[in-house]
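Below, each structure is written out as structure tokens.
Below, chain A partners chain B and then partners chain C, in two separate complexes.
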Partner chain A sequence: MLSQNNAPNQTTQMAIWASLVAGAVLIAALIYTGLTIIGLDVENFGNLGKPVQFFVGGLLIAIAGLIGFAAWRLWQKRTSGRFILMSVYFVVFVLSIAILLSVWGVYDSLEIFVDTIIRNSGLIILFPIAYAIYWLGGRFREGSAAQTRLTQVAAFIAMGTLVLLIVLGDVLGAINGILSTYSQPATWLLTIAIAVFGVLSYLLLMMGDELGQTPEQREAWQGWIMLSPNIIGFMLFFAGPLLLSFYLSFTNSTVGKVPEVVFFQNYADVLALEFQTMPADVNPQSGLSFGYQPLGSISLGANQLVIGAKDYLFWISLRNTILFCLLLVPMSVIPALVLSIVLNAKIPGVKFFRAIYFLPSVAAVVGTALIWRWLYDPTIGYFNYIITSVVTWLNTTFGTSLQDPAIEWLTGPGVVMFSMVFLSAWQVVGYNTVLFLAGLQGIPGELYEAAMIDGANRWRQFLNVTLPMLAPTTFFVMITTVVTGLQVFNEPYALFPSRPLPINATTGVFYLYDRGFARFEFGYASSIAWVLFAIIFMITLLQFRLQRSGAYDT
Partner chain B sequence: MRELTPVQLVLRALIYVVLTAFALFMLFPFLYMLSKSFKISSDVFHYPPRLLPYSQEEVTTSDGEQAPLYRFVIEGQERQLLLADEKLPHLFFSTEEGINRDNPRDSSVVLAMPRDEALDTGLAVATGETVTIKMSDESEETFDVYDVTIAGQSQRLVEAYRGSLDKFVDPENPDIFIYANERLAEKSEYVDFRVCNYNTLLGTDLNRLLNQFTGVTPNDTDCPTQTLKLDRALINTTLVTVLVVAGQLVTSIFGGYAFSRVQFTGRNTLFVLYLGSIMIPFVVLIIPMYRLMVVLDWQNRIVSLILPWIFTAYGTFLLRQFFVSIPKEIEEAALLDGASRLRILWGIFVPLSKPAIATLAIFSFLYAWNSFLWPLLIIGEGNERNHVLTLALIRLSNAYADQPNLVLTGAAVAILPPIIVFILAQRYFIEGVTSSGVKG
Partner chain C sequence: MMKRLILVVVIVALALSALPAVLAQDVTLRWRTRPDNQAEIDVYTAASQSIDEGWDGVTLAYEPGGSEGAGYQDVLITEIEAGTAPDVFWIPGTDVARFAEAGLILNLADIAAADADFNVEDFYAGPMGFLTTSIEEGTDAVWGLPRDVSAFAIYYNADLFDEAGLEYPGGEDWTWERFGEASAAISDLGDEIYGFGMNAWWANWGYFVNAAGSGFFNEDFSGCGLNNDATVEGLTFAKSLFDNGAAIPWGTDSEPPFLAGNVGMFMNGRWATPGTIANAEFNWNVAPLPVGPSGEATNWLFWGAYVVNAKTEHPEEAWDLITRLTSPEIQGQIASLGANIPSRATQEAIDLFLGTLPDSGVNNQAFVDGTTSADVRTEAPLFLGNWPAIDSAYGTAITAVFNGEQTPEDFAATICDAVAPEFE
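On to the complex of A and B.
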């Protein structure tokens, strides 16, 4: 790289000229595309609404302006102009490749690749064999000839199988397909764009020293290039959607309709509550305004205070979500604390037990929920079988006449929430135990020694050393549990076979899913998402605050 | 090892008891899943529930057919009988007092006799008399009276009702037989692990494989075939997972390195922004991401399960934290030697941070393998070709609501790979969780 230092001035001059011409073309293309996007019918741009089109189009035109500015700076032989142009060209280069791959149908080939694997499923066995050989290599001394050789063989088998699978997947047809896309001018344009902007960003990269680039600037572009995948992904799949979500929450966006901006209407509908006092013997519904449903009532002697909600189900789902967290925290944190203290005793086999407790948290919730669905089955499930057995045993042994409760775990309105929490607690308790264990192992041994010298017994040591030292971990565990609990979706979806869900098992995210993807009220569902986010964010912030303010210092 | 006092021994034993009990509780659902996945359909609904899979013993009859065996105690001796004849008409005799006033079928039966045989041999003779009994609903019913010979003694009994019983015969000694109700008879069963469910769902032939490796001859080679299978979903999930993990590793390694070792203006602002994005839950992005996929025309396509998920702020953060701890001197020496950034990253940083990379790989593996909400939104219910395992499982559970053995086999197919990976790479799991906790 450094050998390029004394590149002839001629080449640099040519490269600058080429960059300027390419910049002009790009400016024209961006402005044209930007204006087209703004001018498109809303239906033809994903039905997102004019504001989004103005934003995207405006962004493209702004980038065009930036290129113009950069080109002017480059004309003046300023390295900042080169830097901006280089970044833009690089991004154009990368995005063109992504789009060209899409045009070529490479993304679709994933499905075709799966077809090939299914047809030649016998070949899959070669992958575990390759891994076994690699593993075997790992048994040898690090760097020994045997290890190198075995690793090579393993890599050869794995790569060979992969290539074979790709070849078996109709490569000729695929190449033919790619070539046939060149009947469209867009494909040519993209290919040319890739070549031009690839070469130009390379040339711009190389001319740095001639334009007086400092080592710091050199380091800077290296940093930006390394970060570019992340930045592009961040913009496309995080920042952009986040803005879009915010915008959608202020619209009445739905399927097949041009969205209108309704400002705070969605939020008002989601959150609207009504408080009415009325005589206690009046039906709460009758005293509320039209469209409101009674959430509950508080007795005030002869009167009652009725709370009505416009979106009754939202408030119920919010209540369920909070209840879920309130139940999940003690049910998963207290056993985890106890277990971690037991496991922290220096006894053999601790690792084995820790591994077993951790197992449920690596399994897919959908899978475990289906297992629990059958454990909860009222007739052949183990829970009711155990309860029945215990009741029968009590009745025969002590002569009591207890009734078998025959709990309807999956349908009983009073039970479904508990069923869900129990499943979740089982799933996260091992994870929390590992967190607590880490916290416990971080407590310095001197503290216990000091306590011992002061004559504190085991119990006092636990109360005065372990618990306070564990406070930060406990807090962290509780916050993570609550934050995951507030987003619970898979558990209710997979555990309960009935649709609609039992009302007491409808969680906030499930309600959001229902509004957004069963009724396609994207705008309304987005506003629900932001309300839920506000709650989650406040709790996360609380953690950050306490962490910063020194609540963790001991 | 130092000696333990008796008190310590007892305490330790107690600890192990508690730990084991809890371990059993944690493992039980998995054991349940595995046991059900080895069961045959008829065994699944057995009550009381049993953990081990059972099959009914069978015997080959003289005419070459397979007949199921049942367990009976005849004259104090336990015997295995086969079902010889079904639904033979029987007369059920009771005494006049024994007739149930609510429902004659609940009467206390003194004796049941095969009708034709009893009448032909004269063991039961209709007297022609009847008794009229007033039922609890005030109606009157008449019952025939018979002379029945029991153990050589004739007795007057009332025919409470007519029904049918099944005939069970000892295959070795056809003279020993008994009449009983097949539904209430105790089946003669043995523990029997069947891989049929796996064959059905994965389209494999595990029986033959087992036979080749262990020499055990499988007792059922004809597994029922189903149109609903998991093989494609398994391959889809594997492909998605492999590509997501690979993509996340690449972006995180580059990003982590840039954030930790490359100086440029705006880096710290960008890093704070990036960190902040970890705090934004997926809930907020569900709808716009879906709309974006619709705009890109990536709906229903596997690429939408991969490409948006290969950028991870968490992974970048994790690797950055690890890279920061690598001493600067190593890198500076290499830089002075004229090594390029890429070379340093690949030759020094990556080998040094294998544990962190392994941790990240494992977490992204779990994340990709177990993800459900996103595939649920993007891949339509009808587009079975592109279903991943979690989606296919839901479909399976809807289609086979009456065959938990198949549903739980599906659950096993989805759950076992992460568990195997966990067992192989346990250390990195624990390290990953621990580091997230310590960092807060």
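On to the complex of A and C.
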């Protein structure tokens, strides 16, 4: 509560009143919208289902309640009320701008914007020319006639080009188009909302001292305001979809239909296994229940124990993912460590090589995978060409009779996994190398000097100084590599030319994508996503435990 | 400061200059196809412009779909869910059933019935049969109109046939026996040379099964049809090509090695013709598919359809657009590219197709013969089953057969049980 000595001035008092009125309007609007959303037919709310409508509608009503609470606190001249209202008004201000731009058609025009650039690309070259002339003018003495003249020429070219672009681009028509959207009440409402909530946010921002705000509180909300774009983005584009996917995993969601809640049915179908004992000579498929496929069998003498799965491909994809991970870790961590030690040396051109090795990490996976697809081609690919050439050379030079293996990199059942891992490792090594390099550069030189004095050779220094000191980095590299491996998608997606993928190349994330987008089974695909999430989470947790127990301390 | 100011003003000016088109008051129809290359994009863009120019009150926006990084179907499904899909779009024939059953595309029966110029019989009967299949008893259906049709043929490298001293494919005795011998003889020409190549999707292995007298489904498409001896015979023959080293390994894209001159015969559709003309630096032509044990010329009738988004705000105009896109004039423009065959089954359309790519010397007749083979199987949308799941199960098992992990006999014995849950 404020003391009488700190009583707000008249402007602040008016701002508080305006905030309370705006708050009341917002509460009414949120409650109305919330109730409307709850009452909408499911078809009119993206076919997401009633639970989602109740959640969203309830959330809006809860926000209305929060505004009510904040307004009450502000009425009492409490700074917490001001802070909450300021945050809400700021969010309303930002969202109103975003929606108004949409109503104006700005987002839809982005493609046409690109077309306009392409259409006028010849003209746009005049801008760098103008800048070059301006830059040239800057080389002359400050205030000289040459500099003035060149600056004028540059400005003339730039402005002339601009005017030409405006004429070509029909900007007046665009302004007219924007004005025409004001025939709709929504456009007015949004414009007024931007003005009102923008001004109120500003006034609430400025009245802090009069409401007894402490410097710590000021710092805190300044921090929150700075974070707000990220938080809004996170809530809208990450947390929201995540929650939605969790809900969908308990439904039979498919494209174009209202999802029905099926509780744990999807999870049961994903994980369902069956164990059947049957004579060894019986076809395993025939001994399993309808809908189950044999995953494998164990011989029990005259009998066999057959393990069947309802979702055969899920288990296979899970096996493939784990195998991928197990191969990726050594293939990308050990070379990265070796490479980082080499690149840490003071040798000529080392910066160039660091950049070269990092390039695969920043290259688009789809693009590089297409190149690798060619390299792997068994008939016209370079890998087999090199192998064939070497075999031929050996046979002709030494009279050996080596057989050309003619490896089927992308189709051979025993090879496809290796091909995927090799591509992935090639991409990850550069990133891991940079991490190890950073770790190596953080090791104090005195440790090596002390080790040398103690008579340790290079290898002992590596074992007893480098490796232990790199333990935290190694832990981080392992975690990121394992998670990358468990989430592998791009490699199978882009590397294999045909669908369905070879069974040994189907990974967990690819399989959930396949169920979601090729078969429209969004509910089922969501449940696979959450099962995979649980597995990745548990493996990461395990790694953290290992780290705490000292397993990474060598 | 000045350069920043200029940059900001330019961006704003350009963005604003784009707005009038967005805010135009005409009915704007967005439509999309999946072109294979820039030449197709150019032809469809030109077709869109020519329709647009002659159509008052409607503005067309053509959007080529699909890229290496974003599949055509993925983007389309995402947009449909988000409510931002185009008004008219193309889908493969196999997808018509699930799009219809999911309520994603509009049943145009009423609008079509009111269109005096529309006649179902103008188009190939196979695709139209599926496109007019009702999913609700007692109602008529028109799910769209076929954009084009296509069939397989054997693209052959005449130089390799000459080198092996073989007669070119085709003729009365063009059977599996001669086909197998030719494949083996050509593959004997060198380590990098293969007699035959095909790509790893359903129609390719499906040809061998069909030509042996089997088929993917039973008669009313309500169940699997592969559990028979004909399937075993067809797959055994196809597998022998791989086992003998006469065929490019299953799963490998056979087009690049064919275009590189390393493959004697490549089974593919008409869509591959423009690329072959552009890239093959050897003498080549096309021939009909060889006749299998069934004794009848066998082929697929591939097709895809223009359909209307169920959420379009302009269904009448959308129907008008797909009739215009499938008009003889526009099909003529598109067929001139040589990538596909007009979907209109009139003699005029066939003559038009036969006259395409006159300088290339391509045997266009082979494709027309393919579409009218004695045993032509129309690409079938599955109204009583989950085709993507079945395709995936079939494909996985077929790969196991061709890789030697499963025998054709095991395949035939188990595949129908494996896919049974996917049929209604």
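By definition in this document, the second predicted complex is superposed on the first by the 437 of 554 C-alpha atoms of A that agree within 3 Å, B and C clash if a C-alpha of one lies under 4 Å from a C-alpha of the other, contacts with A are read in each partner's own complex, and residues count from 1 in each chain.
As a convention for this text, a residue touches a chain if its C-beta (ideal position, glycine included) is under 8 Å from a C-beta of that chain, and two chains touch if they have at least 3 such contacts.
A quick note: this is a predicted structure, and the numbers were derived from the prediction, not measured.
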Is A:46 touching anything from chain B or chain C once the two structures are fitted on A? First, second, both or neither. both
I'd like to know which partner A:364 touches here: chain B for first, chain C for second, both or neither. both
Look at A:532 in the shared chain and tell me whether it touches chain B only, chain C only, both, or neither; answer first, second, both or neither. first
In the overlaid three-chain picture, which partner chain does A:410 touch, first (chain B) or second (chain C), both, or neither? second
Is A:431 in contact with chain B, with chain C, with both, or with neither (first, second, both, neither)? first
Quick one: is A:173 in contact with chain B, with chain C, with both, or with neither? Answer first, second, both or neither. second
Taking the superposition on A as described, I'd like to know which of chain B and chain C A:198 touches: first, second, both or neither. neither
Going by the contact rule set out at the top, does A:380 touch chain B (first), chain C (second), both, or neither? both
The chain contacting more residues of chain A, comparing chain B with chain C, is B
In the overlay, answer first, second, both or neither for which of chain B and chain C A:254 touches. second
Chain A residues touched by both chain B and chain C? 46, 108, 110, 113, 117, 364, 366-367, 370, 373-374, 379-380, 494, 497, 517
In their complex, what parts of chain A are in touch with chain B? 1-2, 45-46, 48, 107-108, 110-111, 113-114, 117-118, 121, 216, 219-224, 226-227, 229-231, 233-234, 236-238, 240-242, 244-245, 248, 335, 339, 342-343, 345, 347, 349, 353-360, 362-368, 370-375, 379-382, 385, 389, 426, 429-431, 434-435, 437-439, 442, 472-473, 476-477, 483, 486-487, 489-490, 493-494, 497, 509, 512-513, 516-517, 522, 525-526, 529-530, 532-533, 536-537, 540, 543, 547, 552
The residues of chain C that touch chain A in their complex are 2-3, 6, 9-10, 13-23, 68-69, 71, 73-74, 77-78, 80-81, 83, 98, 102-104, 191-192, 194, 199-201, 248-253, 256-257, 260, 262-263, 310, 386, 388-389, 391-392, 395-396, 399-400, 403, 405, 410, 413-414, 417-418, 420-421
Residues of chain A touching chain C in the complex: 46, 104-106, 108-110, 112-113, 115-117, 120, 124, 127, 130-131, 134, 158, 162, 165-166, 168-171, 173-178, 180-181, 254-257, 283, 285-286, 290-291, 293, 313, 364, 366-367, 370, 373-374, 377-380, 388, 404, 408, 410-413, 494, 496-500, 502-503, 514, 517-520
Flag every residue of chain B that touches chain A in the complex, lowest number first. 12, 15-16, 18-19, 22-23, 25-30, 32-33, 36, 44-49, 231-232, 235-236, 239, 250-251, 254-255, 257-259, 262-265, 267, 270, 274, 277, 279-292, 294-295, 298, 301-303, 306-308, 310-311, 313, 316, 338, 340-341, 366, 369-370, 372-373, 376-377, 385-386, 389-390, 393-394, 397-398, 401, 404, 407-408, 410-412, 414-415, 418-419, 421-423, 426, 429-430, 433-434, 436-438, 440
